[in-house]
Each structure stands twice: as structure tokens, then as C-alpha cells.
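Both complexes below contain chain A, partnered by chain B and then by chain C.
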Partner chain A sequence: MVTETITAMDPSGLKAIGAGLAVGLTGIASALAEKDIGSAAIGAMAENESLFGKGLILTVIPETIVIFGLVVALLIK
Partner chain B sequence: MLEPKQMSRAVIVGHKSIFEETVDALHKANLFQIEDFNEDESGLLIGRPFENVDDVSKKLIKIRSIASLLGVKDVGSKKQDTKSVISSLDATLDKLDAELDVKAEQKSKLEAELKEIDSLKKELIPFANISLDFDLYRGYEHLSVFSGYVKEDVESAVSRITSSYEIFYDAKESTMVLFVTKDKAAEVADLLAGFAFREFRIPNISGMPSESLSSITSKESGLLKQVKAIDEEIESLKDKYSDFILASNEVLSIEAQKSETPLRVATSDSTFIIDGWVPEDEFVELERIVKAATNGRAFVSKQEMMKEDVNIVPIEYNNSKMAAPFQEIMDLYARPKYKELDPTTLIFISFPLFYGMILGDIGYALILLAMAVGIKKMISSDAIKPLMNILIYCQISTLIFGVIYGEFLGFPLASLHTEHGVTEGLIKGFATVNLLASPVADEMITFPVHRTHLVMTMIIATALVGFIHINIGYLLGFINENRKHGISAAIFEKGSWFVIEIGLFLAILGYAAMLPSVTTILGVVVFLIGFVMLLKGEGIKGPIELPSLLSNSLSYTRIIAVGLSSIYIASTVNLIAFEMIWQPGTPIGGATIFAIIVFLFGHALNTVLSIIAPGLHSLRLQYVEFFGKFYEGGGRKYDPFGYIRKYTEE
Partner chain C sequence: MQLLQKFKRGNSKKSPSKGHANYAYTTARVRAMKSKILPKETYPRLMNMSIDEITRFIGESEYKEDIDELARNYEGVDLIEHALNRNLAVTFTKLLSISEGDVNFLVGEQLQKYDIWNIKTILRGKYCNASTDEILDAIVAAGRLNYTFLSELAAKNTYEEVISELANTEYHSILKNYDGTNLSDIENQLDKIYYVGLFGAIGESKSKDRKLFAEFTRMGIDLKNLMTLFRLKKSGITDPEMMNLMIDGGLKLKLKDIQRLLSLSFADFVSELEKNYYWDVISDVVSPDMVSLIDVENRLKKHRLKSAASFSHVYPISIVPIMDYMLSKKNEINNLRIVIRGKAANLDDDIIKEQLVI
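Entry: the complex of A and B
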């Protein structure tokens, strides 16, 4: 006699994985974007210190990506 | 309040005979910014510095070189009378210079001697264990002397070549001294080459090596003592004269500044014309000062501001004392231009507001408040003070939001009711009160607000706060644009955003069936009108920026997102310390101490993060989302001709 076992995946586990991916991947994306901008901004600041404000702004612009990731993760939860 | 100070362009004209008096008076008044004169076809020439400039700058160089030699630091000291400083300046400076010269000469002599001794010592060390007078190393007619390093004892090898030799070998330093007859010298030299022989110079002194070594070592320590004594004397000179150096440096800097002023001013054969800027409300005062100093012989006149002047007007903030620290945040970005609104007062409200909304914890607020007040009391630096004031404002806001959120170092103060039952808060018996049901996600708005259980509501609420903030930005942009390019440019560039927003609202409300469905169509029409206006106002750049309306609003959800991450760090620290390592109620032991250490370190770390994360994110919301809507900046700092005295007074 053949018995079939049906395995069901716990949806909350999948949700957690999804949330993790959302934060993790967007974090990597922000990091990739910020590393280039940040090093360029520091280079510019070495030339002219008054560029700190502009450098900071440009550096944190990609930060929005990971914030969105975090928001998505919270939504999934 | 939202404007920089009004400025007037003023021109001061007079005969050259009163040039110095005028410059003196302007310098003392410290409210007139000189506009540098560039020679042009007008026939006017740049002036020549006053006569005393050579003398002053010579003394200034001397004082500054002495100051850097002695390492005089800027310290708060009693203010001295300028006149007495000037009268004693020459004599004291000469005396100090002479004293220092003597000391420096003595010191360099001693240092040269020390260097000599050091090199002699290096030569002596290899011979230290060979007890042979240095006089016996030289002055032979038939003997050759080999002295130097060999890798092992060579006596047996030498004895095979000749029997008439004399060898001294020190195995510790691998030094060898070998005497052989001259006829065997070449052969022995070949042999030694096989033992990695390296010749040492024989020191040009007499006596036993060990004795010489100990005598020069003691001489060296004596010299070092003398050098130290001289250093102490120089140090005492520094203590004695540092007040004089600081005061005279200041007096001379002021004199030099005054003497060089003619280089910035237009002159003819017998007149001078000083052009510059003065705050409008100070103009009368300027006029009075100049008239008083010159017996009314110099003329001060107000010039009409030209259109191209707007770009070069120096900018002085005009904010209330409360909001003034936030000028630092403005300067970090850029000073406003003359015709632009100065948003310092708005930042004064919104920066601490967002900071508090993010952090919102009574415990951290109290810690950081104590820190900020302490640092402000201890350090009197003008650069630190405004930053500490900003931090204090932020902590007050954090404290208020901490009460609203009911959080203390990551612990909830009130009890928490969830499906899993009731979790007791830090304050026993302080129960959470349900206020009203949130319109989103079946959440209940309570007091205190448990952020961790109201995530959806808070996301919507923060995005809404952002939307309002952005619209204030557009409103300011409208005002700025109106001033710079007129009302029609303002309506097309900034007003179009409001039209677009209204259109979107109508369309959404109609679509969601809150209003009759015809409003959807009306909304779309209004949106399209706004879109066309934007296209006309901003060109192709406008439609590209359209999605920013959504993304900028959503960017404000960082207020809750960063706040939650801070809570989770704090509560994780609490969990590790007081659940995993040691549970309150169980016997106190080693684990208790460990738990407390973990608790302290964890929260110390989170306290540091609590300055950086909310600070940077709040700053970014101002700079990127808010300023992007209206602010240009790039104004020149108002830096009046004068000097803020620290060490002297008139």
C-alpha cells in the first residue's frame, strides 16, 4: 500500500525568509551604491572641507533603498 | 525670523590724513565688512600699507616663531590692557628673545656633544671586553694589527701560518684583535677573509676600553641631565611669558590687520574710498562712529543696492537666540542667499521633532541630556557649544516622545496586552489604555504608544508627516521663487505641485468611492493641468521628478524604521542580560555581575548609536527631502572688519 505524505510549508517561515531577503538584499544594494559615493565625497572633502554638507547628502541618498527594504519587511510581517 | 539680516552697501570717503583714524575706528566697531577693491579704469589705485607695517610684521613673525618653539597653547587667561602690552612689548620681546637664544645655543651645543659621545660609544662597545690599552693598538714598525669582527675563534688557523702572533678574542661580541709580523700580513688577511672578517675602526683615544666606556657613559648621563635642565628652564620661560606671548600676538595681529587695510581700499593721490557692507540697522551707528573718530571729516554714504549685488551681499543670520544653534546645521549645508528664506527657525522645530520621534526613549534621553549639559559646562569652546545645545533640544524632544511611547532603555513602562496574554511593564500596575482603533491593519492606538505593535499605523503616520513636511518645503519654494523670478514662475514651478496633489487626492477619493465617481475624472483633469504647468515651469525635469512625491514621503518612514531598530537593539541587550544570563529573582552570584556588565556595555553602545543614527537620518530628511524643494544656498558669510579680542582689552 502506498501512502502519500503531504508536507505543507509553514507560511510564517516563508514570510520570515522574505522579510530577511528584503532587508538583506536592499542593504547590500545600499552599501554598493554608498561605497562609491562615499569615497568620492571624502575625496572632494579633502580638497574643500565646506563640501561636507553636500557630500553627506549625496552619500545618504541610496540609504532610501534599505529603508524601503525595511518597510517592506515590516509589511510582510 | 525667516530672513537673513538686511544689509546696506556703504561707502566711506575722506582725506588721506584721516585714513588711519578711520581704519582704527572701523576696526574697533567690528561691524563693517570691507569689499576688496580691484584696480580698474577709474584711475583709482590700491592704497599703500601704513608705515608701521614692516616693524609690526617683523615682530609678529618673531612672536609667532617663539610661540611655536615654546608650544604656547590657547588658554583662557586674564585679559590684559592693550596700552601696557604695547608699552612693554619691545623690551620684553627682546629680553625673551635673548634668553631663548642663550638657552637654544646651550642646548644645541650639548646635543652636538651628545651626538659625538654616542658615535664614540658605538665604536667602543665591540672592544669593551678586551683588556688592552688603546695605546697598544698603534705605532708599530714591524707589526700589523687586525681588529674587527670574525665569526669564530681564528687562533688555531693563524697558528698554522705563523708562530709569532698575539691574539685577543672576545666570544661574546665576536671581536678579535690580532698582531702579526708585517711579512705574514697578506697571508693572514686572506685567511681572515674566509672567516667573514670585518674591520672595526680603532677609537682614537687612550686607556682601557672598559674604563673609557664607563667614563663616557657617565659623561653622557651628565649631559642628558643638563639637557633636561635646559628643557625645564625653557618650560619655565613658557609659563612665565605665555600670557605676554598670547597678548602681544593678539595686539600685533590687530595692528597688522589695520596696517594692511589700504591694500583692500581704493585711493587717489589724496583721498581714500572704503567700500563695503553694514547691517542696515547699524548704519547710523557706523556713521556716528566714523564721524566721531574723524571730527566729521570723513563722509559715510549709503549706496543703492544693485541687482548684481544680490550675489555678493554678505549674509548674517537673524534668528532668535533659541534657534541660533541650528545655524551650524545651515552652515554645514550652505548659507542662504540674500533674497532667500532662511529656514533655521523651521529646522529648529523639525530637526529635534524627527530626532525625538526616532529615538523616543526616556532612558537614553536622560543619559544624553546629562552628557550634553556636562560637556557644555566643561568645555567652553565656541565650536562645541552650539552642537551641545542642539543635542539638548533633541533630548528634550526625545524625552517627550519617550513618555508618549512609554519606553525606558528598551523596556516598555506599561503592561502590554497581546493575544499571548499580558506582559508586565517596568512600572507595576501601569496598564496600557486603549484609545481608538487605528484605521489601518486592525491595530489599536493606545497610550503609551507601543511602536513595536503599531508598525503599520506608524508607517502611514510617518509618511503623512513627511507629506506635510514636503509641502511646507513647496510652500517655501513658492515664496522663494516669487521673490527671485516673479509670481508666474512661482506658480508654474512650485504651485503646479499643489495642483497635482489636489488632482491625485480627488482621483483617489473618487476611486475609493468616498466621493461620487465623477470626482475621479475631475481629479484626473486637475492632475493633467498640474502636469502641464509643471512641464512649463521645470521643463522635462519636472515629470521626471514626479515620482519623488511618493518616494520622498515614503522616505519619512525611516522615522519608525530606524526607531524600531534602536528598540530592538535595546531590548535584545535586556533580553541577553536579564533573561539568558541571569533572571531577576534567582540567587545573586557571578552571573549577576556578568549580566550587569553586558547590560552596561550593550546600552553604552546603543547610546552612541542613538546620537549617530537618529541624528544623521533626521539631518538627511532636512537636507534631501526638505531643502530639495526650495533651498539653494551659497551666500557669503558676513565677516566684519575687526577682531574679537581674547587676551587683551582696550
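Entry: the complex of A and C
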């Protein structure tokens, strides 16, 4: 008699992996974008301090990417 | 885009990477510096001021530190002149110190112009037996050779000692042929080695910003050659020997075109130029019976500044905006110098205005 073992993966595990990927990858993407903007903002600020406000805002704009990732992660859950 | 270019560069063996390049930081900082360049509306105002008022005006702007520093030793026109030179040197060495890796390398190559300038100044000084102070006054230590080293060179007694001090530099192969009489020949060769070095630095890189930089450099060569041609033609020189004044590597004006133009008379030269790429830039100021070349030279310089600005918008995060800034800064200093020297010589306002490149 042949017995067949079936391994079923827990769907909640897959969900957790998906959510992790969504946050992790978007985090990397935001970091890459912010790296250049941040250093450019520092450069401009070194010459003209009044650019601090603008520099700060521009630096956090790519943050939206990781927020979308977070939202997707929460939706998956 | 930069990542992509980095990968492309990584595969090309001809242009080895010089380490991490901080393009974003440098270009943003340079753009902020560019915003402090005097706007063109300033010049008419400067024209209405006396030398002392100009000193004060400049002393309240970006040149404050330089004026304060030098006010002890100089006054009047000399003060402004030295402050301008000092500011140029400080600004350009600052570019070297804020940049890293690839950017630093390219800026350094571009600034070799000042190393060559300084070596030429010292040799000229030695040629006409100028004192060390006189030579130091004319030095702009904006390149890789620093002021201390240059002042040591200027303090040497003979040109042989100067040249032996420079034995470890790339200029020695040319300088060793200097025999005390062929200064102009050596100077031409030094100028040419600058461009050879620059093209070597650009390499045969496939990345678009390097290509643009190469195009920009080659356009500069074109304009330089064109100015030399105008001057030669105006003074009626057709000697083929003069080809050694021309710089190879132009964009739209190749050496063989120049060779052809060199043998023509001024009127033929002008009519031949009509087919040239740069004719649009200079068409309304050039005629066979023109007297002064100032207008043409100004137009060509202005064209270079304009094209530098537009190039820098095509690739905002590359070496080009930095080159654009260097050109604009140099131009600002030239303009200020024209204004104060003109004022000191009691020239008419119209004559001074004619000379300004704004």
C-alpha cells in the first residue's frame, strides 16, 4: 500500500513572508532614493542654511514608498 | 540612472573607477554656490560707483573674507585684484576638497589649467628677472600645486632650479627642453598637454555624462581656436607655421579645416566662416571690414557660458554643472576685473561695458 504524505504550507506563513517582502523591499528602495537626496540637501545647506526646511521635506518625500509598502503589508495581514 | 552608469563604467577598463563619487552632494553644493554669483543687473550699478565704493560693495559680498585679509597689505585697485585672485583660488580648491573619487579626479584635471598657468608665470618671471614678490602677486594657486610649493618655486634663483623642482610632475618632459629662450614654444606645449590630460581623463567612457563633458571640452577648444584664427587673420598672418598654435580635438572645427582657413585672407576667411557651425553665434558682429575683435570674442565667450548652462540642465547630476560653475565664476571675476581696471584707467563707461561678458 502506498502512502502519500502531503505537506501543506500554512497560508498565514506565506502571508507573513509577503508582508515582510513588501516592507523590506520598499524600505531598500526608499533608502536608495533618500541617500542621494539627503547628501544633496546637506551640500546645499552647507552653502545656504535657509535651505534646511526645503531640504528636509525633499529628503522625506521618498519615504512615501515605504509607507505604501507598510500599507500593503497591513492589508495582506 | 547613476547606478546604471556605474555598472556601465564598471565594465569599461579604460576609465578605472576612482572610488566613491559624491555627485549628488557636490552638484547640489555647487548649485548653491552658483546662486551667489553676482547677477547681471549688478554690473550697471558697479559702473556708477567709484573704486572705493566697489571695494566696499565687494567687501560686503562673497569676497568679504578676501578683502578683510588683504586690506592690510594693499589698497585701491590692487586690493580688489588680489582679493579676486585669492577668492578664485579659494573657491576652486574648495571644489577639490568637497568632491570625492571620480568628481575630484575630473575637477582636478580641469584645474590643471591653473597649475600650468602658475608654472608659466614663474618661468616668465624668471625670464624677465622679476622679484619673488612680483611673481607671487600673479600666482593663482587654484590647482593641485599648492601655494607653499609655488612660493618655494618662485623663490628659486634660476629657471633651471625651478624645472628640476618639477622633475616629478608630468610637465617635466616638456620643461626639460626649455633653454632660456624658447619660452613661447614651451608655453604652447604646456597648454596642449593640458588638453591631452583632459582627454585622457575623460577616456573612452560610454556613459552619457562623460560624453557630454567631452563635447563641452571640445567645444571650448573650437572657440579657442576660432579666437586665435580671428586674431591671426586680423593681423594678416598666413604663415602655416602658426598651425602649432592650434589645439587638436575640436568638435565642429577640425584641424584640417583650420589649416584651410589659415591660408585665406581676412575677407575670404569671413565668407568661408559662413558655412561654419558657429556662424549663427557671431554672424551679426562679423564683417570683412570690422575693426575690433572684442565683439566677436565676447560673443564666443557668451556662447560658451550659455551652452555650459544648458548642458548642465541635461545632466544635473554629473560633472557638467561643476564645470558650468567654474566657468561662471571665472567670468564673474574677469568682469569685475574689467570694471575696476577700466575705472582705474579712466576709461569711458561705454568702452568698459563693451568688454563685459554678461
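Here, the second predicted complex is superposed on the first by the 77 of 77 C-alpha atoms of A that agree within 3 Å, B and C clash if a C-alpha of one lies under 4 Å from a C-alpha of the other, contacts with A are read in each partner's own complex, and residues count from 1 in each chain.
Convention: a residue touches a chain if its C-beta (ideal position, glycine included) is under 8 Å from a C-beta of that chain, and two chains touch if they have at least 3 such contacts.
Everything numeric here is computed off the predicted structure, so don't read it as measured data.
*Asks:* In the superposed model built on chain A, check whether chain B and chain C fit or clash.
*Replies:* fit
*Asks:* Touch check for A:L56: first (chain B), second (chain C), both, or neither?
*Replies:* Touch status of A:L56: first partner only.
*Asks:* Return first, second, both or neither, reflecting whether A:T64 touches chain B, chain C, both chains, or no partner chain.
*Replies:* first
*Asks:* Figure out whether A:L74 sits in contact with chain B (first) or chain C (second), or with both, or with neither.
*Replies:* Touch partner of A:L74: chain B, not chain C.
*Asks:* Vertex at chain A, arms to chain B and chain C: angle between C-alpha centres to the nearest 10°?
*Replies:* About 60 degrees, rounded to the nearest 10.
*Asks:* Regarding the shared-chain residue A:L14, is it in contact with chain B (first), chain C (second), both, or neither?
*Replies:* neither
*Asks:* Closest Cα approach between chain B and chain C after superposing, in Å?
*Replies:* 7
*Asks:* Shared contact residues on chain A for chain B and chain C?
*Replies:* In chain A, nothing is touched by chain B and also by chain C.
*Asks:* So in the complex, the part of chain A that touches chain B is made up of which residues?
*Replies:* Chain A residues touching chain B: 52-54, 56-57, 60-61, 63-64, 67-68, 70-71, 74-75, 77.
*Asks:* Show me the residue ranges of chain C that touch chain A in the complex, using the header's touch definition.
*Replies:* Spelled out, the residues of chain C in touch with chain A are 2-3, 22, 24-33, 35-36, 98, 317.
*Asks:* Which residues, counting only chain B, touch chain A once they are in their complex?
*Replies:* Residues 332-334, 455-456, 459, 551, 554-555, 557-558, 561-562, 564-565, 616-617, 619-620, 623-624 of chain B touch chain A in their complex.
*Asks:* Along chain A, where are the residues that touch chain C in the complex?
*Replies:* 32, 35-37, 39-44, 46-48, 51
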